[in-house]
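Data first, discussion second: the structure below is written as structure tokens.
By letter and in written order, the chains are A, B, C and D; residue numbering begins at 1 in each of them.
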Amino acid sequence: MKNFKRAVLAASVSVVAMASAAAADVKVAFIDPLSGPFGPSGDAAFTSYKLAFEHLNANGGLNGEQVELTGYDNKVSPKESLVQLQKAIDSGAKYIFQGNGSSVAAAIIDAVNKHNARNPGDEVLFLNYAAVTPAFTNEACSFWHFRFDAHADMKMNAITDWIGTRDDIKKVYLIGQDYIFGEAVAAAASSQLAEKTPNVEIVGNELHPLGKVKDFTPYIQKIQSSGADAVITGNWGQDMTLLVKAAADSGLKIPFLTFYGGSLGAVAALGEGSIDTLYQVSEGITNIDAGEEQNKLIEEYKERFPDYDYYYHRAFVAVDMLAAAAEKAGSTDVIPVAKALEGLTVEGAYGPVTMRAEDHQAQQNLYISTVSNDVKYGVDNIELGWKLVDNGTIEAASAEEPTTCKMERPE
Amino acid sequence: MTDMTMQSTALGPTSAEKFRQRVLPFVLFGLVLAIIPFFGPSRTTMTLLNHIGINIVFALAYNMLLGRAGLLSFGHAVYLGLAGYFCVHILNWIDAADGGFWGNLPVFSLPIWGFAMGALAGAVIGWPSCRRAGTAFAMISLGVAELMAAAAFMFDSLFGGEMGISGDRMSGPEFLGMSLGPLDEVYWFVAFWTFVGVVAMFMFTRTPLGKLSEATRDNPERVQFIGYDPTRVRYLVFIFSAAFAGMAGGMAAVQDEIFTPESMSLIPSGAILIAAYVGGIRYFSGPIMGAILMTWMSSNLSDYTVGWLLYLGLMFITVVMFVPDGIAGLVFGFWNGIRSPNRSHLMAKWAQQAVGVALMIVSIIVIVEVAFRWSEGYGEVFEPWGMELPHDGVITWLLAIVPLALGVALLRRVARKSEEV
Amino acid sequence: MTTPALKLTNVHKSFGPAKIIQGVNLEIAKGERHAIIGPNGAGKSTLFNLVSGLYTLSEGQVELNGAVISGKKPFEINRMGLSRSFQVSNIFSNMSVRENVRCGVLWSLGYGYSFLRNVGNLKEVQEKTAHILNEVGLLDKANLPAALLPYADQRTLEIAITIAGGAEVIMLDEPTAGMSHSETDRAVALIEKATKGKTLLIVEHDMGVVFGLADRISVLVYGEIIATGKPEEIRGDPKVREAYLGEEADEIEGASA
Amino acid sequence: METIVFSLLNGTIYGLLLFMLSSGLTLIFSMMGVLNFAHASFYMLGAYFAYTIMGVTNFWLALFLAPILAGVIGMGVEKWGLRKVHANGHVAELLFTFGLAYLIDEIVKIIWGRVSVNYQVPDSLNFTLFTIYGSDYPAYRIFILFVAIFMLVSLWYLLKKTRVGLIIQAALSHPHMVGHLGHNVPLVFMGVFGAGCALAGLAGVIGGNYFITDPAMAVQMGPIVFVVVVVGGLGSLEGAFIAAMLIGLLQTSAVSVNASFADIFGFLGLSATSEVGSITISSLAPMLPFLLLVLILIVKPTGLMGDREV
């Protein structure tokens, strides 16, 4: 039965794929790691876009034109990304999606700016779905760049807002990776906490080396002896997993508020230890009931891509917004679509999303969730999944951050 | 072999031979570089060609160490990276300058600056590390690479942290009427410096120091007894190798206009090691071939298969195990073979070997592709030329086993036969 | 009295508790051909390694033309005019014969670590290389990789590299070891020709070679020189005969000048 | 005080794990001269094998079987791979293992997927052993301690008290001598390579659920293992042990030092707000092994306890 279902699905997919290939009018490129150690995180997003564009094509396409999505493997190397970007542009791609790694995003923003300046009439647009360095929509903002993920300071806003609603959190410990991103997270946390919740004390502010620590127990020991009620961390990858794992092993049952707790495999690696310990801030979680349609999408995704879970909600939002903008502009050309995107609002499954015109930063609701074993949709193919916490919904307006962007727009 | 050389009683090669062996290849190389743009390559091809040029210089610089001096380094990207960073800084100084020295410096000259910076870095880091050879040298280079990569993340003002630093190659005065904006102008820039680098590095092999580096590789003990300090030889060669790597860094700074800490990590260092080795470290032209092949593969193979890293690893291991002289060894072996008296015999042997290898490749591709698709679980099926190969299909298994077995049998037979001869 | 070319004073060497060389004193005059003989394990090669700077002395002093060389590095000693060969062929096996000799020539012509000149264009280097190759009879194999040479030719090449730098003091460590009779004869002729007018210090097992070549002979036994003298004095010395029991004593007996 | 106690405890466990991982490489490197780049890949294989075996049966069988499997694969690699390359010299051998590491990574991804697997501590060991300074101490860590010590004692016994051990010991200090003693050199090499890989596999079995089991675990452990072997010294298991403990303790305890460069070199006028001044000792902790590696190789190339140069 399962095989049959799969076969039908595969058949229908290939029909759709063939149809889209035959009538491809607009080419979009996805540049992210699709192989190597970071391959899974790129692939999880790529599959999301795949599904999103299939649905878009089935519903009439981008302003009536069919979209062809191609993946380009950049191996998370900024240099390789430039080759792949050139490849994508040469193949006729107008819209570039990328998200893994701020270093890559910075290289692409820079390259797209230069390309568009040097090749008028052949512009491309960079749609960033995950690189969260605030600078991209502040001092380094660009007309050719749109970000669909909340940037680091906005996520921190959500976290600090939520801490403000919790009377039992009086002491907070900050820990992060010792590089520009970790430092920025710590700085944002300190200033926001000082401003919003003066009665919350920061009992520790620690940076540890990036990707080198095997045993976090000494850090956990420090956290424990500081008497912290919660920990805030911008850690990603193994640094995040090992940190929370060490906490669980040492019996430290306090919230670890993370940006990347929802990343692939983290819950599986932590197992039961993540319950009520691992928290994440994201733009949507599968276990918020957002209606039948959304559930169908989540289930279809899981069915198609059993290795991954519906996580990149913003990929679907980005495609929705692109479609809405193309319709509004009555065109699929880059400059009109970019202008139409500015200030556009679409109604997403987990609330409205607005693309702020001044800096091209999407404004959306953020949700704080934690791991639970009593959920509808598990992750990583185990029983555990993400559940919204009390007061975990942070409205877009309160997550919003001012911008220093001085956008230069083409005529 | 012996017969042939016995006849040539003349001491050195004749001037005709010299021309054929030492001048003609470079004239041809220059011509190829000059002709390529007239085929109207796409911008993608142009970018790829530029990267190939950079990697040719880098691989040759690396081979000055590995092939010529016998020093295995796991951290040579450090020198390319440091020089590249320096050059991007220069780009920004040129951009910011209002006249003065920097304001009048053409961007075209950046590889010279990269060369200087590479030499400086090599001189500083090489001082302690060149006192050891062999595995100790390799391990020091590994340690230094780890330390430098970590430092790059620590000092944001120099390295720009995770995002690196970027510059604009269109700043500064134009040189030869080139703004270096369009890719074809960058191509000329890269081609020019690639040519300069290749010729300079070839000339280096002909200098007393170049010869002594080979002597030191072969027999460091003996070098001491003809008046040379092997440590000093290694150190000087190391500085040059780092300098040429730096030159590649200067070229990369103009092509990519950005440098990030990854460029100093173990990954590009390992990649260039693989490129040089697969190309053939015993031949001057080996690393050039390796750089061309590896650059192309890493940028394009991933378009066809997610398993490209696996193929890369398989190819590398095959080269290490069965073709220690690399592609250049194969090419020159073939070239010598078709000119040797028993060419028909050799051709028959090669033809059999080629068939054997091809058969094995068929099976390996089937196994890898089917396995990857099966393990991803998207329900995708490997369909070469419309032939459906599911993981549980009989044909799949046949294709995975039969050609492999046939290929192995054929290769073994050829090997046995040539052993008997 | 002129300064000796090589002067060893009270040279000692021990490896841990093992005392290999125990107080060697030796003077070799300029232009002398001096041979060191002795049973296996007497320390002949160790003595060579001490003089040429490969090992450091435990005690004592070595002078070359009146200048102290003990404690200096091998390449410094070489530059001062002492060159040595090795018992086991120690050549640059992946380079051609010509390149091997050329490497030996370079320093003496003042090219040092030069990286701005093309060796092919250095006329005097080419000429001297050709001259030496011709002298040792390897000219017709000049372009062969050294590793592919037959054994005897490799030994010849070893000598060629040693003399290439034009050092005034030449030390040869068993140059004819493993050669056939005819090869040995050729090698001896070559050594005579190539070291004409130079100071030669040679370690050799073949007594025919030793008594044919040497002006003077020293006998080294258990790290001590028990006798030094002209060949005929050595042949008649009872101490030497005692040290060389059996076959080898007969060999000394039988060796004719 | 509690920091010191915890640093000591955890440093010891991490150090023992490192030793388990590197003792095999020390044996291989000393005898065969092969600095096996793929050694950490066998560590990873150990963890994945254990995960799979544990899924079918139980942890205890995995603890036993997974290292054996890793060892058998190691022997195969030696017999059909390394031995062929041996004639081409050490560089070729090194590069062979370099390529092998790539290959094992990719194959692991095909078989077990590209993300981490849920390899958990067995229930029978998943409890808090004791609580000190308000912090739970998991029993599994003490279990690691015991396994490591057990391995240490067995290895010591094997090397010092058995005939095989004597041969291996002889080969450690004089690798070219084994053949003269009339022993089957290829067999000894294959056995040692296999045993070394099995030890790495064992480290993987107990390290895989202590840390996390994912395809990146080999790459992350690789360089540090080299450091242990080289710093410890060629031919010296004692050296490897000391180096492993040193690095284990160094890494875990440097973390708890909060001093920055400005605090230490403040008297030179280094300001705490400058880039150099703001670097803390704890942030340098993971770099210390590599600094140690470079310094040791320059100053004392025989390593801490070795008798030969690398």
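Note that contacts are C-beta pairs under 8 Å (C-beta built on N, C-alpha and C of every residue); 3 or more make two chains touch, one makes a residue touch a chain.
Keep in mind it's a predicted model, so treat the numbers as computed, not measured.
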Furthest chain, CA centroid comparison against subunit D: C
Distance between chain centroids, defined by C-alpha means - subunit A, subunit B (Å): 37
Distance from subunit C to subunit B - Cα centre to Cα centre, in angstrom: 43
Separation of subunit A from subunit C, taking each centre as the mean of its C-alpha atoms, in whole Å: 75
Per-residue multi-chain contacts in subunit C, two or more chains: none
Where subunit B touches two or more other chains, by residue: 150, 154, 156, 307, 309
Multi-partner residues of subunit D (at least 2 other chains): 109, 113, 283, 286-287
Pairs of chains found to touch, sorted by chain label: A-B, A-D, B-C, B-D
Residue numbers on subunit B that touch subunit C, as the complex places them: 1-2, 5-6, 8-9, 11-13, 18, 203-204, 206-212, 214-215, 217-219, 221-229, 232-233, 236, 240, 282
Of subunit D, residues touching subunit A in the complex: 2-3, 6-7, 10, 14, 109, 113-118, 120, 128, 131, 133-138, 140-141, 211-216, 219-220, 251-253, 255-256, 280, 282-287
Interfacial residue positions of subunit B with respect to subunit D in the complex: 66, 70, 72, 128-129, 131-132, 134-136, 138-140, 142-144, 146-147, 150, 154-157, 266, 270, 273-274, 277, 307, 309-310, 312-314, 316-317, 320-321, 324, 368, 371-372, 375
Subunit A - residues contacting subunit B, complex: 6-7, 9-10, 34-36, 39, 47, 72-73, 75-80, 82-84, 86-87, 89-91, 101-103, 106-107, 110-111, 114, 118, 133, 135, 178-181, 209-210, 212, 304-307
Touch list for subunit C against partner subunit B, complex: 52-54, 73-75, 78-79, 83-84, 86, 90-95, 98-100, 102-104, 106-108, 111-120, 122, 126, 129-130, 133, 139-144, 148, 161-162, 164-165
